[in-house]
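Shared between the two complexes below is subunit A, which pairs with subunit B and subunit C, respectively.
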Partner chain A sequence: MSRPWFVKRQAVRASAVQQAARLLGAVLAATLVGLLLFLPFDVNPLQAYWTMLSDAFFTVRGLSNTLNKTAPLILVGLATVVAWRAGFGYLGFEGCLLLGAVASTSVALQALPGGPLAAWPWPLLVLVCAMAAFLVGGVWAGVVAWLRVRYGGNEVLMSLMSNYLAVFLLQYLVSGPLRAPGDLPQSARLPISTWLPYLWDGGRAHAGILLALTAALLVWHTMKHLRIGYEWVVVGLNPRAASYGGIPVGRRIMLAAFFSGGLAALAGISDVLGSHHRLLDGMSEGVGFVGMVVALLGKLSAAGVAVSAFLYAGMTVGADSMQRQSQVPSSVVVIVQCLIILFVLASALLDRYRWVGWRRTATPQTREGG
Partner chain B sequence: MDTSLIAWSALLFPLVVSGLQLAVPVMLAATGELFAERSGVLNIGIEGTCLLGALTGFLVAWSTGSLWAGMAAAALMGVVSNAFLAWMYVTVQASQVVVGIIFNLLAFASASYAYRLFMGGQAGVVQVELFQPVHWGALSELPVVGPLLFQQIGPFYLVAAFIVLSYFVLFHTAWGLSLRAVGENPRAAEASGIRVARMRYAAVLIGGGAAGLAGAYLVLGRVGIFRDNVVIGQGFIALAVVILGRWHPFKAALAALAFGMAEALPLLLQARGSTLPTQLLLSLPYLMTFIAISGLLGRANQPAALLKPHLRE
Partner chain C sequence: MTPQTHPLLEMRGIVKRFGAGVLANDHIDFVVVQGEVHALLGENGAGKSTLMQILYGMYQRDAGDIYVDGLPVDISSVSQAVAHGIGMVHQEFMLVEPFNVLENVVLGQGRVALAPARARLLALSAEFGLDVSPDVRVEDLTIGQRQRVEILKLLFRGARLLVLDEPTAVLTPTEVNGLFEVLRKLVARGCSVVIVTHKLQEIRALADRVTVLRQGRVVAAGLCVDETDEATMARAMVGRDVLLTVDLPPMARGEAVLEVRDLCVASGQGIALVNGVSLDVRAGEVLAIAGVDGNGQSPFAEAVMGLRPAQGRVSVCGQRVDELSPGARRGAGMGYLPADRRGVGRVMELSLEANGLLGQQGEFTRARYWLSARRVAAHAEQLIQRFKVRASSAQQLAGSLSGGNLQKLLLGREFSRQPRFLLLEQPTRGLDVGAIESVWGEILEQRKAGAAILLISAELEEVFNLADRIAVMYQGRIMGVLDRASATMELVGQMMGGQDVLGTVAEQTP
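Up next is the complex of A and B:
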C-alpha cells in the first residue's frame, strides 16, 4: 500500500524564504476557506473580496475609517510585542484599553466649561489625558506582573480575569457616576479642546494614527537599539541565563508590563479622544484581543505590527460594508485572520518533518511526534 | 443587627441552591480540563470549545426537537474541536497560550457566522425548551436536600457521576496514575513505557467533550437561547476553578460552587431590593478568581510539566 509519508528529522530553523513561502501558503489557504464561507450567501466571493478592498482602501471615507481603526490596533499590537518579547504572557490588553479610555475621559471631562481644567489649551490637555491613560494602564498591567514576580501568580489567567473587571468598571461608570442625561449609558460629550485633531478638513481620520506610528517608531528603536529592549528580549528568551548575566529579571518583567499596559491604554485614547469623543459601553469591540492577532501576524516586531494592523483594519472596514450590502457576516474576516495564524503555527511542523512523497515502503518510527 | 442576621441566613439557602445550578456547567468543564492539566496541557481554548458546544447543542436541539440529541452533538463537537487543539498542542507543539487564545477568537467568529447562516432567516429571538427537573417522588419533597439534589434536571446527575468517576479514574486506576505521571515528568513516564503523546491526546479530548457538554448545559439547561456572549468567561472560570481546586475533582467542584454562589448573589440581592451597583456584584466571581490565582493565597502546586511540550528523543 502506498501512502504519503513524512520523515522525521532533526529540527532545523526555516530560512527566511521558507518562512515567507509558508506565510504565503497560509494566507492563500485561509483566503480559500474564506471563499467557501461566502458561498452559502449567494454572492460572488471574488467580487466580495474586491468590494472589501476597494471600500476600505480606495475611498476617502473608507480609508479614514481604516486609519482610525488601525491606530488602536497598532498600539495594542505594540503592547503585545513588548510584553510577550519579555516573556510576560499577558492577555489583558482589552482591560488596559478600557481603563485608558476611562482615565482620559475622567481628565477630559474636567475641561468642560466650569471645570478646573477649562482654561487649559488644547495640546496640553491631550498630553495630560494621554499621561493619565498611560499611567493607569501601566499600573493595571504592572500589578499583574508584580503578583507574578512576587507571589508566583498565573499571569495568563489573572490578565484574562482583569479584562472582565475593567468591563464591569466601565459599565458602572457610564451607567452611574459619569452618565450623561439621556437614554444611552454614555458619558457627556468631551470638550473640543481635548479632541485629537483631524488629519484633513472635513474628514473623519484623526491624529490617532500619528500617535500610533510614533509609538511604533519608539518601540522599534527601544527593541533594536536600547539596552532595556535587549534585556527584555534576553529575559523573554531565557530568564535563567538573563539572571546569571546580571539582569534583574523580575524588575525587567514589571517594567515591560508597565510600558505594555500603557501602550494598550493609549489605544483607548485614540478611541475616546479621536473617534467617539465620549465614553460608552461596549466601545472596544474586542480590539484588545485582535491586537494580539495583529502582533502575531507581524511576527512580534514593531514594523510588522504597523503593516498587519493596517491590513487588518482595512479588512474589518471592508467586511462591515460587505455585511451591510450583502448579508455576509463580517465575522468571516476574523475567521480568515485566525486561520492564517493557526496555519502559520502549524507549518512549524515542517521544521521537524520532511515530505518525501508517496512511498511504497514505510519506515516505522517516522509517523507521529511525541 | 438581629434582623439583618436573620435576613442573611434566610438568604444563605437559596444562595446555595441557585449557586449550585449556576455552577454545574463550570464544574463539568473544569473536571474535563482537570484531565488535560494533569497531563501537562493548559487548554486556554476551553472557552471556545464551550461556545461551540453551546451553539451545536442549541442548533441540534432546535432542529431535531430533542434536547438529548443536542447534548450528544455538543459533546461530539467538543471532542472534534479539541482533536484540533490537541494536534496543535501535542503534535505541532505550538505555544498553548497563543493557540488557545486564537482558537477562542476563531470559535467566537465561527459561532456568530454559523448562527447567522442557520438562523439568519428567523424573525426575533429563537428559544428552545429547557430541560425539565426530574421528579423523584417523595425525595423531591424533602426539606433542604430535596431542592438541592432531587429537583435537578437530568444532565445534572450525569455531571455528578462524571465528577465521581473522574476521581476514581485519576486516583485509583493505572491509567490515571500514568496520566498524572505524564503531567509531572513526561521523560520518566516515557522511559517506563507510557505513550506520552497518546495520553495527552486522550486527556485533551476528554476535556473537549466535557467543555462542549458544559456549553450545551448552559444553553439547554438554563438560558434557552443562543447569543455570541452566552458563555462569557465560564470557560476561563473553569480554568481558575481547576487551580483553586488544586487539580482535584471534588475540590474543584467545591470551588465551582463558590463561584456559582458569587454569581447568584447579585440576583438574590437585587430581588431583595439591594442598592449596591450590579456591576460590583457581577464582578465578584472574576475578582475572586483573580485573587485565587494571584498567588496571594499561597502558591499553587501545579503539575510540573504544565505548558511544557514533550519532545521525543
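Up next is the complex of A and C:
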C-alpha cells in the first residue's frame, strides 16, 4: 500500500499568519501556472503582469476604477457572509442587487426637475434611495427565507430562480415603463443631486467604497461582538443545538436573510448612483455571483471579503488594460483568477490534513483515539 | 467455560505515538487465547481503541509485533486483518440502510452468487442463533438486529477473532442478554471475542479474562474474571479507589417545582410516543425515570423543554410554561442536559468559550445586544476550572473534547445557571468510572442546593444510587412511582418490562 502525500490530523484553526501565507502561496502558484498561457503571444509575461498590476493599483485612474468595482463586490460578499454563516444557502444576490438598483432608480427619478422630491437636498436623497434599496432587497431575500422556514422549500432552487425574475423585471422596466427616449434600453439619467460624490480629481472613484467599508465594519462587529451574530453562527453550524439553547432558529434565519438581501441591494445603489447614474440592462456584470466567490476567498469573514474583493477587482481592471496595451486577451487573467480561487479553496485542505510530502516514511500523525 | 491455552492472537510491545507528546500505547502486550471472551477495560483515552485499531490495520504501529496462531503477521491494512481472520464491530455500524441484510453481508466481496450466499447466511444465522432474515432491509431493523448483521458480516468473511467496541452502549437490557448469548455460542464453537468496554458488571457477566489499560500501559494483564472483583478492576482502571455507591443525605423535600399533567407527544406519523404522563418533581429531590431506551423518554424530555410539540400542561414553580419557547423556558429556570450531547449539546466547530455561552447568550450582554467578551471569557474559565474540564484553553474547539470532558462542560454550563429545575437525560452514558463518579457528585451538589432534578436514565445502578423516588416509563406511560425505600431492582425491572405490578395503569391514576 503506498503511503499518502497528506495525512489526516485533528482539525486546527490556522493562525492569521498561516492564512496569509497560504493566500500568498495560492496567488503565486496561480500566477506561475498562468505564465503558460502567455506562450502563444509574443509578450514578456512579467511585463504583462506588471502592466496589469500598475494600471489597476498604481495610477489614479486605474485605482479609481478598481475601487468602483471593489465596492459592490464587498457588499455582495458581506451579504454572502451573513446569509451563509447563518446556514441560509442563498444564491440570489444578483437579483437583490438588480432590485436594489431598480428601487433606488425609482426613488431617484422622482428628484428630476418637476418631480415630487426635486427640492430635497443631496444627502437626504441618497439616504432615502439607500433605504428603499435595502428594504426591497431585504424583503426579496426574506421571502425566500420565509418560504423555507415556513414550508421547508429549497432555498438554493428558489433563490436561483428568483434571480431570473429580477433580471427580466429589470429588462422589462428599462425597455418599457422607465425607458428614456433614445436607442438604448436604459432609464433617464438620474439628477446630480442623487449621485454618490467623487472622492478625488483625476479619477471617477465614488463614495460607494466608503459605504462598502462601513458595511464591512458593521458586519465584522456584528459577527464578533453582537449577540445576534453569535446566534447566527450557532444556527448555521448546528440548528438543533441552537434551538436547545433557546435560539428561535426560523426567525434568526429570516432576519439574516433580510440583512443579507439588503446588503446585496446596496451593491446596486453603488452601481447606479455611483458609476452609471442610470438604470441599464446588464449593468451588474455578474457581480451578484462573483461576490459569493469573493466571500469564499475571504473565508466568510468581513475583513477577508474586503481584501479579496479589492484584489479581485484590481485584477479585472488590470486585465482590461493589459488587453488594450499588449493584445493578450483579458480571458488569460480570468483564467488566472479562477486558478487563484481553486488554489485558495484547496488550501483549506491543510486545516485537516498535514502535508508529509517527501518525508512520507515518517510516522503519520493521526487523530487520537480513546 | 474454561479457556483453552492455545493463543490465537499475541500483540507484543505495541507502541503508538501521536505527535510529539502523546503516547497512546506504551509497549502493550495483549494475548487472546482461542475460545475465550477477553475484555479490554480502561478509561476514555486509556488507549483501548488505538490498540484495537492497530490490530485491525486502521493505524500503523510505531513498534511491536503481532502474531496470529503463533506466526508473525504484517497488518498494515484492514484487508490484511480480515485475511488473518480478524473482524471488528465498530460503535457506529457500517451498514447501507436501504440495502437488505444479504446485500449488506456480501458487499465488498467481489462477484458473489447470491443464492449460495443466501444459504450460507441462513446456516450461519441458525448456527449462532442470530435470528436475522436475509431479505429484510436494514433500515427496518432495530439497533440490536443491526448489530447482529455486523456480526454476521464478520462470520461470513471467516472471522475467528471478533472485536466489539462498546457493543452494549446502544442496546436495551434485553438486547444485551441476547447479544451475550450469541457471543457465548461463538466462543463455544472456537471463536474468540474481545469486547472493549468500561462497564464492570458486563465483564463479570460475560468475560473469561480481562486486561486493564491505564494511560497507554497495561496495568493488569489477562486477569481471570472469576478471581477478581469489581472494586479491584475499578481501582486498576482509575488508579485509585472509586466510590461506586454514593450516600444520599436526607433532604427536607420542598414543594413541587415541576408539575407535568397529561403530557402527550405524537410522532410525525401520529403514533403516541408519550401517553398522558403526569409527574411532580419537588425542590431538593431527584426523581429518576427508569426505563429501557426508546420507551418515550427522549420525546418526553424534549416536550418538557419545548423542543417538540406536545399536548398537556407543564408548569415550573406554579407558572405555566407549555406555551413558551425553549428560550423562555430556560428563562423560567429550567436547565436541560440532552442525551445526544454531541449532536444537540454542543457546536463542535466553535470554541469552548462559545459553547459555554450557549443558552445564556442573553445574560452575558451589555445593553441587551452586545456580548461582553470579558464576562464570556471569565465564565468559560470558571466552568473549565470548577468542573475540571481537561482542555488546553477556552479557545480549544469543542469538537476535540473527549466524551467525559464534554459532559463536564455541558453539566457545568447548565449547573452554573443555578436552575430551579434540572432535566438530566442519560448524564453518564458512555463515561468511564472516574467521570461517572464526578458527574454523580455534581448532581448531588445541585440536589443539596435545592434544585428539583428529573433524571432520565437507562442504567439501574445510577437510578438506585441517586434517586429519592423512582418512576418507570414503559411505552410512553408511567408505570408507577416508587419511593426508594420501597423499590427493589426486581420490582423496577418487572415494571420496565411492562408488567403492571402496582396496578397503576389499570387504575389510570397519575
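What we mean here is this: the second predicted complex is superposed on the first by the 315 of 370 C-alpha atoms of A that agree within 3 Å, B and C clash if a C-alpha of one lies under 4 Å from a C-alpha of the other, contacts with A are read in each partner's own complex, and residues count from 1 in each chain.
What we mean here is this: a contact is a pair of C-beta atoms (placed from the backbone, for glycine too) under 8 Å apart; a residue touches a chain by one contact, two chains touch by 3 or more.
Not measured: the values here are computed from a predicted model.
Using the contact criterion defined above for the overlaid structures, shared-chain residue A:Gly245 touches subunit C, although it does not reach subunit B.
For subunit A, the partner with contacts to more residues, out of subunit B and subunit C, is B. Legend: residue contacts after superposition of the two complexes on their common chain; A:Glu231 is shown touching subunit C, with no touch to subunit B. Once chain A of one complex is fitted onto chain A of the other, the partner contacts of A:Phe289 are limited to subunit B, with no touch recorded for subunit C. By the document's definition of touching, neither partner reaches A:Ala188: not subunit B, not subunit C. With both structures placed on the common chain, the touch criterion links A:Ala303 to neither subunit B nor subunit C. In the superposed model, A:Ala348 lies in contact with subunit B only, and not with subunit C.
By the touch criterion defined above, A:Gly153 reaches subunit B but does not reach subunit C.
Common to the subunit B-facing and subunit C-facing surfaces of subunit A are residues 368-370.
Touching subunit B in their complex are the following residues of subunit A: 37, 40-41, 89, 91, 147-148, 150-154, 156-158, 160-162, 164-165, 168-169, 171-172, 175-176, 286, 289-290, 292-293, 296, 327, 329, 331-332, 334-335, 338-339, 341-342, 345-346, 348-349, 368-370.
Residue ranges of subunit C in contact with subunit A, taken from their complex: 17-19, 22, 24, 44-50, 53, 59-60, 62, 76-77, 305, 307, 325-331, 336, 338, 340, 343-350, 354, 357-359, 361-362, 365, 368-371, 373, 397, 399-400, 402-403. Only residues 42, 44, 88, 90-95, 97-99, 101-103, 105-106, 108-110, 112-113, 116-117, 120, 190, 196-197, 232-233, 236, 239-240, 243, 277, 279-280, 282-283, 286-287, 289-290, 293-296, 299-300, 310-312 of subunit B touch subunit A when the two sit together in their complex. Listed in rising order, the residues of subunit A touching subunit C in the complex are 1, 10-11, 13, 225-228, 230-231, 233-234, 237-238, 240-241, 243-248, 363-370.
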